[in-house]
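By written order: A, B, C, D, E and F. Residues from 1 in each chain.
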Amino acid sequence: MEENQKFIVNGKRIDGRKIDELRPIKIEAGVLKRSDGSCYLEMGNNKIIAAVYGPRALHPRHLQDPNKAVIRYRYNMAPFSVEERKRPGPDRRSVEISKVSREAFEPVVIKELFPRSSIDIFIEVLQADAGTRVAGLNAASVALADAGVPMKGMVTAVAVGKVDDHIVLDLFKDEDNYGQADIPIAMFIRDGKIEGITLLQMDGQITKDELKEAIKLAKKGCLEIYRLQKEALFKRCRGEDFVE
Amino acid sequence: MKTLSNEIIADIKKDFVYRKLKNNERVDGRKFDEFRSIEIIPGIIPRAEGSAMVKLGDTEVVVGIKMQPGEPFPDTPDKGVIITNAELVPLASPTFEPGPPDENSIELARVVDRGIRESGAIDLEKLCITEGENVWIIFIDIHALDDDGNLLDASSLAAIAALMNTTIPSEKFGYGDDEILPVRNIPVSVTSLVLDEAILVDPSSDEEKLTPNRVTITSDSDDNLVSMQKSGAFLLSEEKLYELVDLSVEKARGIREMLRDV
Amino acid sequence: MKTLSNEIIADIKKDFVYRKLKNNERVDGRKFDEFRSIEIIPGIIPRAEGSAMVKLGDTEVVVGIKMQPGEPFPDTPDKGVIITNAELVPLASPTFEPGPPDENSIELARVVDRGIRESGAIDLEKLCITEGENVWIIFIDIHALDDDGNLLDASSLAAIAALMNTTIPSEKFGYGDDEILPVRNIPVSVTSLVLDEAILVDPSSDEEKLTPNRVTITSDSDDNLVSMQKSGAFLLSEEKLYELVDLSVEKARGIREMLRDV
Amino acid sequence: MEENQKFIVNGKRIDGRKIDELRPIKIEAGVLKRSDGSCYLEMGNNKIIAAVYGPRALHPRHLQDPNKAVIRYRYNMAPFSVEERKRPGPDRRSVEISKVSREAFEPVVIKELFPRSSIDIFIEVLQADAGTRVAGLNAASVALADAGVPMKGMVTAVAVGKVDDHIVLDLFKDEDNYGQADIPIAMFIRDGKIEGITLLQMDGQITKDELKEAIKLAKKGCLEIYRLQKEALFKRCRGEDFVE
Amino acid sequence: MEENQKFIVNGKRIDGRKIDELRPIKIEAGVLKRSDGSCYLEMGNNKIIAAVYGPRALHPRHLQDPNKAVIRYRYNMAPFSVEERKRPGPDRRSVEISKVSREAFEPVVIKELFPRSSIDIFIEVLQADAGTRVAGLNAASVALADAGVPMKGMVTAVAVGKVDDHIVLDLFKDEDNYGQADIPIAMFIRDGKIEGITLLQMDGQITKDELKEAIKLAKKGCLEIYRLQKEALFKRCRGEDFVE
Amino acid sequence: MKTLSNEIIADIKKDFVYRKLKNNERVDGRKFDEFRSIEIIPGIIPRAEGSAMVKLGDTEVVVGIKMQPGEPFPDTPDKGVIITNAELVPLASPTFEPGPPDENSIELARVVDRGIRESGAIDLEKLCITEGENVWIIFIDIHALDDDGNLLDASSLAAIAALMNTTIPSEKFGYGDDEILPVRNIPVSVTSLVLDEAILVDPSSDEEKLTPNRVTITSDSDDNLVSMQKSGAFLLSEEKLYELVDLSVEKARGIREMLRDV
């Protein structure tokens, strides 16, 4: 990939997608046995597993909140998920992602029902291809629903960005690495309606107008993903088997 | 023993701050979109390659810059390296603990770093010594001294002020004469607390006790947005976001002027 | 709150599993010397140099192989290096904690490593690039996804399957064309729970709750024993050991066929 | 040492021993003042010190077992004990050795007598020459007895292995490094009778028949070592001074 | 700086000082808002900030002393305070300095008044120029007084040393690096009178007579610094603003 | 369960030790300025480059020396490097905990290190192999085995004894023939407990339980003071300091003779 290569030619991106087109997405709920809820998700070449444990008693006691559940979120990359082997364990990037991801679920999960307990969300990135944090949020949302954790709605997330001076939906790796801006956004969606932004980060260089365009695209993308999340949960309820 | 009474006082104070806000007043008399007084003291650590102290009201941060040659990253063999680190040392606040950086200091360092990096403030290609082998590494070390709120803006301000004040120590390492580090853009971050419908620019620690919900928006010399970070557990509406963008860009312009005048 | 009831359910279940065993029945209907269904999915992580997912009943493990050039050990300057690491991430079981590897994940990684190493599955001399300076380092990373018992056999199976599926990334590092990593032996581990007089091959997590006592025996393509590990606090009789050896070698043969057919 | 050097010539090993011969062993009980029980042991060029503290109250409380003592075992190598200086602190190898060594004592120590307490076994390897874990077990066994910890019998351990296609007793360093197999074994011995295997590991390449031969040799070796352990404890009871 | 350069020529040191002369000192009390007491101190090119929190309740409880306050002291260097960037976090040197500094205050602070509480003293070295530990002690002393922590007197400290076979007061960096001895000393001063030595370390090579001379110089230096500490506290009481 | 009774016994013992001292008697019958019996066993770890065991009464310490080539510090490119490390392993005392070195073991290692370094016992310039690139690194590893008090003097004694017994392993690294490490000065540390008005040389663990207050003074072969360390929370008078200096220098002379005779 050269830095000055054209990313968009005749309205098509390098991987053949249109500017406002998502990568292929595959979502399956209930893929793990031990956890209370789980989800396998592919978004382009991202491969993500999410698991939820809880609500369960939180130890040690001094971590408990007497009034509500404590949400914990651990985003983790497998050592083999990236080009150059990543040393196991949390690095600064994953600590930050875990923090903002946890905060994205805080206003959505009905924590007051479970004082003194924890709801633990674990994300494992098995293969990374840009947008792992938003893919993780989408998977976590499904895993929470699969675990029966009461929520006011769904969290649905996508990254939008700027490449070749175009605002595009759902960056893949090369666009992320060599593009002009990356904006991961998570929306809170209730009954198919976007109610607000629950995660927002950005780095790059954009104008306010471009930001508006980006958020418009993000909303479109999130609604599409939301449909797939619902579908996966519906399949799970119908008791369909997990097919690899 | 100050603790028990302290807790009660803290609660009363929190209440007081909140009731004032409901009356559209900030406890220190500021307007909602007003920064506290800003003082920028460059070169406070003469033995560092660059440095600055920033006072944002009673919040105090020192940033020191050290530079040394080292290996580039394999995927950018012709570019220098920026490493930004924040130490929220327990001297600066009763709530900071000794130990390795927690998620708050990591987030702070990373948001500061993104502002500098994405604005292109430093031309990393100018920091290449021998491609693939040896480049300048810039260590931006943020050292909080007194946390009276909005450490983030104080830190990003001190960071860019310190960089504007940095000399590349070429001589020390045998690479010719020392040079001024060229800074080609001035990113400025603006952090606002989001409380119910209110937006409070540059929150004080009294205000931060009411809510951790805030948005940081960094813009560059051309009013481009270069970094945004929503932090805290809340829903942000699209309208509020655009309001924050306008406010942040405007406030940043004023601060950028101050930086240029230092 | 699921915990209190969970504990009671766990106790009842444990009792149930135990009473079944006393009647010579396993709770999932298997024979004592029967493995659960085995599924081997090679190449599940296309961007790794090699990979495989193994499902052993409901137990799921992914192993990814990364290779990069690095320094050899001083005492084996002409040999490549294998580094095996296991992450029992808390996603995989309610009993796993985040943090650095504990003694169980260290033991798991080391037993898997010994099987591969001692069987000579990989000819380390073929991984020498420049003697004493540069050799291939193979990272075998075991990533547990779902622990329904016998993670060890699932891990060693996934490890050898991933190696059989590995391409040496020579091109990326400028050492000529990519090549298939030659695997010259197929070690297979068989773990059995030892409970009173019974031997339970491939224990499920329900069975593991009854006792941590187990023996892992790894044999190679020639039926040689290449690694053994008694784990847990119990006395093992000589007769039981030989019984385990016979059983393990026989079971390994069947699994090895599966691996060859993948 | 060359890899293709002959290890066994005319039935003799490089260091002059016969195939079924132990290295010289020296065992002294009660060598330390501060611990409740201790042992200094040499086995070939291995130099090992073991100390036992306890049974003693275990803190913090959440580590306690209300029904029995908790055994803790820490195998540690001095930085200067090996050819290339070892960084202080536990590495993965010593964590594994500590685990299986602890498990070797679990069925032998009568833990039920000491609820809520710990029995701490510390092994320091001062000089290493192959077989340090089995030497450590032998020393620990004597130190436990010296501390008066009630046990059902003794734990006695030895490594057997395969070199030059021969099964040999008690490998020394070169045999361990360049041999074909290494099998550390610990036996539980009561009243001079072997009652079972309490530690067993193996790496290398052997057949089942070779394993049988190896275990036969191990039993022979363990009984000899057991005699020396008893002797050391007997000396200690008679109050003989520790002579370096 | 050359190792064999002359440090003292015609009774003058490289930086123009006389043998028994202190570097310029600047002390300001009450410079920080959040801490209970604080002090900014310059001593030559050293720039030090000290803060005191407490007496305050100590958590977790098992660290409490039921009879008196626990003093904790953390000496820390900013990464940019030294020539070559220092990795953040405590190293062995700062652990030792924190220990002996804490011990220097133990006999001076009236801890018995505050059972179960902690008095936390934090020192940040922003720029280092030899003598940072004694500068830290001087700043800590003022910060403690500023916090209203009851003390039997003041702790005042200075380094004395040997360069070019002369005993000199208050070494600066080059004298410390290339000199013959360095002796950091802290005195306990009550009502302007030196009552004893509360910190003493030394490395280098000196005779007993030189030590006597050194201590004489240290006493002289400490009394001068003591005056400046008092002055800073006096200013603070008068409510004078902190002027940079 | 030995603990409760142990605590009571400890208190009674402490009392007993203290009352004896008030009668000018030490509990083990020694004079106040008398060391316990000293035994120095050099070469106890033949496979290390140097080693010694020291017994100071019942206190036992082993020091092993390892040497290997490595990079010099940037500011001393022509000098070898000494790294002194102490492990107060939990084997040696019921009060030692496993884990990274705490402040006591760090202080111990650093005080031992300063004695050796400042006395010039080792000529670091002789340890330069290639200036700026490659020098000998001496690892002095202090391994406490039994702490019956005054580990510090036992450690510094074992350290210098081990150095006097060290061979530079040149051959192993291809730098010619092995050589004896030249030791040109013999620093000896003397530690005294300061209790009320009394000075107790070489305190036993029973005595250390009374107070942590002590002074360590290290002197060299010419009776120069090379290192001092006041440790513990107490006020030391000037007179007491000079008394300690005289005592320490005198005691050191005797011990130095023992070292020379080993």
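The working rule: a contact is a pair of C-beta atoms (placed from the backbone, for glycine too) under 8 Å apart; a residue touches a chain by one contact, two chains touch by 3 or more.
All values reported here derive from a predicted model rather than from experimental measurement.
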item	value
Fewest touching-chain hops separating chain B from chain C	2
Smallest number of contact steps required from chain C to reach chain D	1
Pair in A-C, E-F or B-E that repeats C-D, with over half of contact pairs matching by residue number	E-F
Length of the line joining the C-alpha centres of chain A and chain B, rounded to whole Å	27
Centre-to-centre distance between chain E and chain A (centres being mean Cα positions), rounded to whole Å	52
Centre distance in Å when chain A and chain F are each reduced to the mean of their C-alpha atoms	58
Inter-chain centre distance, chain C versus chain F - centres from mean C-alpha coordinates, in Å	48
For chain B, residues that touch 2 or more chains besides their own	101
Sequence positions of chain D contacting 2 or more other chains	84
Pairwise touch network: line, ring, star, complete, or other	ring
Order of the ring members, counted from chain E so that chain F is second	E, F, D, C, A, B
Footprint of chain E on chain F - complex, ascending	74, 101, 103, 106-107, 109-110, 114, 117-120, 215, 220, 223-238, 241-242, 245-246, 249
Residues of chain D defined as touching chain F within the complex	32-36, 45, 47, 49-51, 53-57, 74, 76, 78-85, 88-90, 114, 117, 120, 122-124, 126-127, 129, 244
Touching residues (chain side chain B, partner chain E) in the complex	1-4, 6, 41, 44-48, 51, 58, 60, 62, 64-66, 68, 85, 87, 89-94, 98, 100-101, 139, 141, 143, 145-148, 205
Chain D to chain C touching residues, read off their complex	84, 92-93, 95-96, 98-100, 103, 106-107, 183, 188, 195-208, 211-212, 215
